[in-house]
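Every chain is named by a letter (A, B, C and D) in the order it is written, and numbering of its residues begins at 1.
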Amino acid sequence: MSETNVNTRLEAFCDGVFAIALTLLIIDIKIPATAEIHTTEDLWGALRHIIPSIFAFLLSFIIILITWVNHHAGLKLVNKSSPSFIYANGVMLLTVVFIPFPTSLVGEYILTDHAAPAVVLYNSILAFQSVGWILMTGACLKDRLYKSETSIPTIRENNKYGYYATAIYSLFAILAFWFLLTMAIITTITWIFWLVVGINITHE
Amino acid sequence: MSETNVNTRLEAFCDGVFAIALTLLIIDIKIPATAEIHTTEDLWGALRHIIPSIFAFLLSFIIILITWVNHHAGLKLVNKSSPSFIYANGVMLLTVVFIPFPTSLVGEYILTDHAAPAVVLYNSILAFQSVGWILMTGACLKDRLYKSETSIPTIRENNKYGYYATAIYSLFAILAFWFLLTMAIITTITWIFWLVVGINITHE
Amino acid sequence: MSETNVNTRLEAFCDGVFAIALTLLIIDIKIPATAEIHTTEDLWGALRHIIPSIFAFLLSFIIILITWVNHHAGLKLVNKSSPSFIYANGVMLLTVVFIPFPTSLVGEYILTDHAAPAVVLYNSILAFQSVGWILMTGACLKDRLYKSETSIPTIRENNKYGYYATAIYSLFAILAFWFLLTMAIITTITWIFWLVVGINITHE
Amino acid sequence: MSETNVNTRLEAFCDGVFAIALTLLIIDIKIPATAEIHTTEDLWGALRHIIPSIFAFLLSFIIILITWVNHHAGLKLVNKSSPSFIYANGVMLLTVVFIPFPTSLVGEYILTDHAAPAVVLYNSILAFQSVGWILMTGACLKDRLYKSETSIPTIRENNKYGYYATAIYSLFAILAFWFLLTMAIITTITWIFWLVVGINITHE
């Protein structure tokens, strides 16, 4: 039983980072400046302008939440630790911490005709996060951190998915140079799909 | 005993989000800009202007604190987990994370004659939070996550209250289109009532 | 042993709030705007201007840290919980969450001749925090939450100190209307004194 | 077993501070203002301007992560606590909390010819953090907080490294008055070196 406690602090640290990244998303949604608001209509109008920011906020919220659920499910299979595992976690956390920046960028620019850099950056971060998963699952397998041999196929599968995800989000990022709105929509649909899958599949 | 640990990470994650949302409320209260302050009287005057923001801060603080207490009391009845329960928690967290935005809006606009959107939004979020409670208690019942059969009536009651709360806050939100100040006062009284009830009732 | 776990989530939640309030102090220290900086001398000069903010940051850091240490030491004596204890904790957290605001105010205005409101507010919050301690220790005694009868004298003593502290900081707050700089210095000395006492006294 | 729990709350508190400091780094990277962006080229150009900020963000992320790993590894050797240990931890946390400020400063000024104060301050904080390590390891040894006698050599070694690190970063800070860019590069290389060492060495 004391063995399972090895990752308690790592989990607490990661939970902290996830929780903060999630909550920080809201501070990039600025309330309309009082100076420009003279009627109730003005305020409704100003709030309508931040709808893209709220859309970006929701998408990033869902992504961070799903990432947390997967992290949670993944660490249940593990009861040992190693330096490369801790630093692979660090790479994953880096991408989580970074998400508020492209989120804010997408929220601000998505309805302009020069939003390409925002969507490219957003998908690049998702590709980079998938690299984090490859490193984490790779470290699990290499350093034999799993609780039991029966978890090996699951971890290997997750590792493989990491490669697929890296490829897909890199492709999304590249395509976003030309088809920015299409890619923004496809990225959103992808994650709503993951959300629906996540709610229905049983993580044992 | 290991069974009760199933939700440890979920609790830690939620605690983190609650704690951060609570603390972030303060950063929307901006100190007066030095350029406009020349005398002690000026500074007192400027501080008097942020009283509505402090009122909104206090209301949201109380709401998040009570929500945390209820979440805490609710999860004591539960010792299993399921994907729909985790994502229902996510919906609840989403509304908690979002609270600083309408709080800031209410603080800024409540004393103007165009505050309706702020009060409408504030009550809409509370209605949406009640939907989160319906989903959470619903997942508890559907997936049989409770510790013992004796908790079923309590959870069912909470589920029912969730529906009532959704109806009430939706009504508040709609009425706020016309009676904004009245609804702001009624919302405040409602939560002070919950606070007094919460302090006196025993959560077993 | 399961009895001691009753306050685990309360502790985690409080730790979160303390940790965030502590860390948020830094975001009120703004870096100098690039537009006004043309030479290395300019930048040194601009940094010299934020020294009062750093002084306020350090004072609040010490206060929150000592408050955390006392909270930590206090909760070790307790192994039961009650609604009034949880909400008394809420009052204490409210004052912790609020500290960044007067801190920022003191940092910005302490060197002007109209800093009185900042110092008054700062000491008022400390007085209010002491009320939180009175409520917490009071709830402990009233609801018999202590681990063993032997802790009663300690908790009673802490309760009494709460009354003294409320009186003292209220006095400080009132005196700060006229002797702002003196009171700022006395407040600082008081907490450096607590720090030195805290490091040397043994919390069992 | 109950003995090992003595530092649970201290660890949770520190984890919170580390996690928040890490995540707050991102909010100093501001997205380009919409008013100045008219074409996709403009946005790419504006994003290119924040590359130094992202470089500073990455460096500080690595530093805080490595510090957390070391803190984590260090506290595994310890199973008792003392006031001086808790306050030594406080000194260490103070430096962690402070890091976002010089990070932001370096990001903003590193490519100007008046960046010396930024690099001096950055290295001063690292020197001060090393003092925190000296105090922490010193308190461990003085108050005999270690789990077993076999950890004494390791703690003593860490204590010695603390002195070396203080000397080195102080030297870096002084040299940065004249050779700011060189010192920025050397600081970066130093930490990439620590990162590589950290990933490969086995923390027991």
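Heads up, the rule we're going with is that a residue touches a chain if its C-beta (ideal position, glycine included) is under 8 Å from a C-beta of that chain, and two chains touch if they have at least 3 such contacts.
For clarity, every value in this text was computed on a predicted model and none was experimentally measured.
**Student:** Chain A-chain B contact: same residues or different, taking over half shared as same?
**Tutor:** Homomeric contact, different residues on each side for the most part.
**Student:** Which chain has its C-alpha centre farthest away from the C-alpha centre of chain D?
**Tutor:** The most remote chain is B.
**Student:** Where the centres are mean C-alpha positions, what is the separation of chain B from chain D, in Å?
**Tutor:** Chain B and chain D have C-alpha centres separated by 35 Å.
**Student:** In angstrom, rounded to a whole number, how far apart do the mean CA points of chain C and chain D lie?
**Tutor:** Between these chains, centre-to-centre, one finds 25 Å.
**Student:** Please set out, as single numbers or ranges, the residues of chain A touching at least two other chains.
**Tutor:** 12, 16, 19-20, 24, 27
**Student:** Over in the complex, which chain C residues touch chain D? Could you list them?
**Tutor:** 1, 11-12, 15-16, 18-20, 22-27, 29, 31, 34, 37-44, 47, 58, 61, 65, 68-69, 72, 195, 198-203
**Student:** Along chain C, where are the residues that touch chain B in the complex?
**Tutor:** Interface residues on chain C, with respect to chain B: 2, 9-10, 12-13, 15-17, 19-21, 24, 27-28, 82-84, 86-87, 90, 93-94, 97-98, 100-101, 104-105, 108-109, 112-118, 121.
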